[in-house]
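Paired with subunit B in one complex and with subunit C in the other, subunit A is shared by the two complexes that follow.
Here is the complex of A and B:
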């Protein structure tokens, strides 16, 4: 246990020190993207690991990004206010979608379909309100004329790297807090058998809502941070079904059941996208999605615990807690089977 | 302690439970028997909140609980086991029971829940090792786990659903003794649904017999086993068992 804490501490110090020792802006840019997306994927896997497969997280991310940017441009609200507002908006939407689903036992494939619709609806709303959001052409938060910190706009990569690192690390902490809580037992139980969980005294609807809320709110934060960093968002880059699918892909490839799994997933997806972009240029637009699709199928069949999950299993053949359930990741990726 | 009156459950046009009323006194073991499809499990599901009654009232400790959500009913002190054990295989044996102890008793303290889990596991005779996997349990072990989970929720009333199915003679005897011990030592009132009449008759204080969703007989085991309506219901399906149980019950009654 202490050994693990020391390893985490050392790793964290190294990550914090990195931008002061190594200043290549392109590589720092890639790292910032990896950290932000890792946080988004970690947020998704908060629910995904308990069999609550959402294809609606692109919607939450889009709300985070667009609400923050719209409040800044139209009302002049600082992102320090706008981001919490966007997170609350995503949380409210999550409750509106989640409550009827959980109350009336919409699970498995049907839950996936409901969330898929959410993704589509948010995308449509952003596109349809083009007078405000710029529609599919994208949207740019106004450059701050005054205080950069108040506007959460930084010109140097180092600051952004540290912000992204803090956000990412907070996601990892939330993951571990949930992993050690009684709520994890309840959610594991719910994902197996809702009636039996209820017979153990678990308020099934409330537990599912709680984790959905946490996941949605965190995803909105990811969207807002992405927007502030890139200073340009389009419906396709921060919301919609493609983004939702990318989250599922990355989380499954990296490993759903380990805290750093989604981070490994982000490293793979972003390096893949960058390699394709640099190697093939505009000829390869959309190829990354094709590769994701093929890889996803291969992973679900051959490596359902994801890369990190499988590696950790190899390293520690005798784990303390038997986790036979992790082999059931296939079922999570293909709910209802 | 429990007062059920005019309980009805309809599924579409089918009446699964038709106007059933009964009472359970504190500290007794009530046996609930009847052929397949007679409505036993449906009554259990209504008592535990899994199903909402179509009409009728269920009063527990003086307050109405019909139609409450399962977790609320459990927090009021009604625990249940399932006919077919439903363990959580993603959790260890200990975690299964700790979960029930934590959520079943109003989510107070994790430490207390873990202590409660250890007590419940020791009581049913399962290892209290925190990491032992559910996959290592056989049929009897799974039944014990099911019982430990129900006990960990801290029930005043335990609904035991056919807890002996799939066990051999010796295991059945042990399980029946365990239910009696739970009543004698922990003072938990029990309603026991069971197919196997012989063992049930030996342990329960009173029996209620259901057929086609209606109560056809109720009383002491000896009286019920001799009731012509009960014999008629069980004839052809389970006649030998019924007669054996009747003989057993008469022997007991005569010996006392």
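Here is the complex of A and C:
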């Protein structure tokens, strides 16, 4: 255990020290993007690992980005106030949708499609209120005239790298806190058999609602940080079904059941997109998604535990009896057994 | 007549009738998806993208190769039917025993593939068939002839599927499988063949919808996203696998979009329809026509 802590500590120190030793702005830019998206994917996987597959996270991310930017531009509220407000807004929305869903036992396909409708609503509302949000043409937060720190707008990549690193690391910590809590066992029981879990004294609605709330609030934070960093958002890049599917894809490719899985997923997807973009230029429009799509299908058929999950399993054979839902996933990998 | 028109706002009536015409095409789309879900128990998230590929096929056959619309249409239906069967054979069949979520996500991957394939192969330009059908004027109301034609063709398509399902042996086997998938294999029905046929029919319905939609809308790689989500919501609202429920839900949705678009922007019509869907899910979680447990 101490060995793992030392490894984490050394890795973290190396990551913090990186921008002071290596200053190439393009590579730092890629790293910042990877960290922000890793955080968003980690937020999604908090729900996804317990079988709560949501396609509504594009909606939460859109709320985080747009509420922060709108409060800054129209009311002059600093993002330091705007980001918490946007997180609360996403949390309230998650509760409004989540409570009836869990209370009336909407699960499986139906849960996926209800959340799909949620991200559809957010996308349409952002597009429809184009007088305020700029519609599908996108939206830019105003440049700060005064204090840069108050406006959370930094010009140098190093500051942004550290901000993104802190946000990403907090996401990993939350993942581990949940991994060690009673909630994790409750949620695993729920994902295997809701009735049995309820009979064993698990408050199904409350547990699901808790994890949904945490996941939605974190996704909103990811959206807000992304907006502050890029200084340009469109409904299609921060909300909607495509973004939701992208989260699902990266989390599954990296590995849903391990803490760094979504991060690995973000590294792979973003590096793939950038390599294709640099290698082929404008000819590559669409190629990255083509590769993603093929990979997603292949991963679900042959490697449902993701890259990192499978590698870790190889390294530590017979570590423990896999949990039932993972066993199911393993069966898909070897059809016929 | 004049008094009647004063009571019923002419624009309201026009919107209501346009809603019904839109509902016909949506009902056709929902029928194909419901068929797949009812029989194979899989949701094709990429269904609207199959329609998009069909629309491109129509565009190229008619515009590029100069084939007449009425010859191109059956070819397109055939092409999309083959695509549907391929999708089942390559993606769904290996995942039949997997958790339903994995099947859904795999078709999500196919959505990416089809969308970006269209982007790579055809570019992101908006293209249209270049056929401009006349506008039908009735009183002070204007109806697009294309919509009327689509509505009628959608009705014919639905009746044909209904007859196929009730009057032929294969159709009976399909309905039987949707009731109990284990028993039918013991009764001597080759379930794999039935699944493949069902997928082909589902694809064929997507192809028919493509032939009709291409008359009204421009085709571009992301056109699927504009009516794909609404199709799923219709199926869920009607109760997944419930054909009649899906049919009714299509018209309810079409009216909400059409009337919402009349009073405000079209986007608000869609947002309203989505919100209506979420509320309905809480009131009737198993679909409009489901009996209360």
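Everything that follows uses one rule, which is that the second predicted complex is superposed on the first by the 319 of 337 C-alpha atoms of A that agree within 3 Å, B and C clash if a C-alpha of one lies under 4 Å from a C-alpha of the other, contacts with A are read in each partner's own complex, and residues count from 1 in each chain.
We take it that contacts are C-beta pairs under 8 Å (C-beta built on N, C-alpha and C of every residue); 3 or more make two chains touch, one makes a residue touch a chain.
On a predicted model such as this, the values are computed, not experimentally measured, just so you know.
Novice: Quick check for you: in the superposed arrangement, does A:186 touch first (subunit B), second (subunit C), both or neither?
Specialist: Touch partner of A:186: subunit B, not subunit C.
Novice: Touch test for A:162: subunit B only (first), subunit C only (second), both, or neither?
Specialist: After superposing on A, A:162 lies clear of both subunit B and subunit C.
Novice: With the two structures laid over each other on chain A, which partner does A:249 touch: subunit B (first), subunit C (second), both, or neither?
Specialist: In the superposition, A:249 contacts subunit C only.
Novice: Is A:127 touching anything from subunit B or subunit C once the two structures are fitted on A? First, second, both or neither.
Specialist: second
Novice: I'd like to know which partner A:196 touches here: subunit B for first, subunit C for second, both or neither.
Specialist: A:196 sits against subunit B, while subunit C stays out of touch.
Novice: Who touches more of subunit A, subunit B or subunit C?
Specialist: Comparing subunit B with subunit C, the partner touching more subunit A residues is C.
Novice: Between subunit B and subunit C, whom does A:301 touch in the aligned arrangement: first, second, both, or neither?
Specialist: second
Novice: Now for A:238: first (subunit B), second (subunit C), both, or neither, which partner does it touch?
Specialist: A:238 contacts neither subunit B nor subunit C.
Novice: Both subunit B and subunit C touch subunit A; at which residues?
Specialist: 325, 328
Novice: Subunit A touches which residues of subunit B in the complex?
Specialist: So the residues of subunit B in touch with subunit A come to 48-50, 69-71, 74-75, 79-80, 82, 86-92, 95-96, 98-100, 102-105, 107, 110, 113, 131, 133, 135, 149-150, 153.
Novice: If you look only at subunit A, which of its residues touch subunit C in the complex?
Specialist: Residue positions touching the partner: 51, 53, 97, 100-101, 104-106, 108-110, 112-114, 116-118, 120-121, 124-125, 127-128, 240-242, 245, 248-249, 252, 285-290, 292-297, 300-301, 304, 325, 328-329, 331-332, 335.
Novice: Which of the residues in subunit C come into contact with subunit A in the complex?
Specialist: For subunit C paired with subunit A, touching residues are 43, 91, 94-95, 97-102, 104-106, 108-120, 124, 221, 225, 229, 232-233, 236, 240, 264-265, 267-268, 270-271, 274-275, 277-278, 281-282, 285.
Novice: Tell me, which parts of subunit A touch subunit B in their complex?
Specialist: On the subunit A side, the touching residues are 182, 185-186, 188-189, 191-193, 195-204, 320-325, 328.
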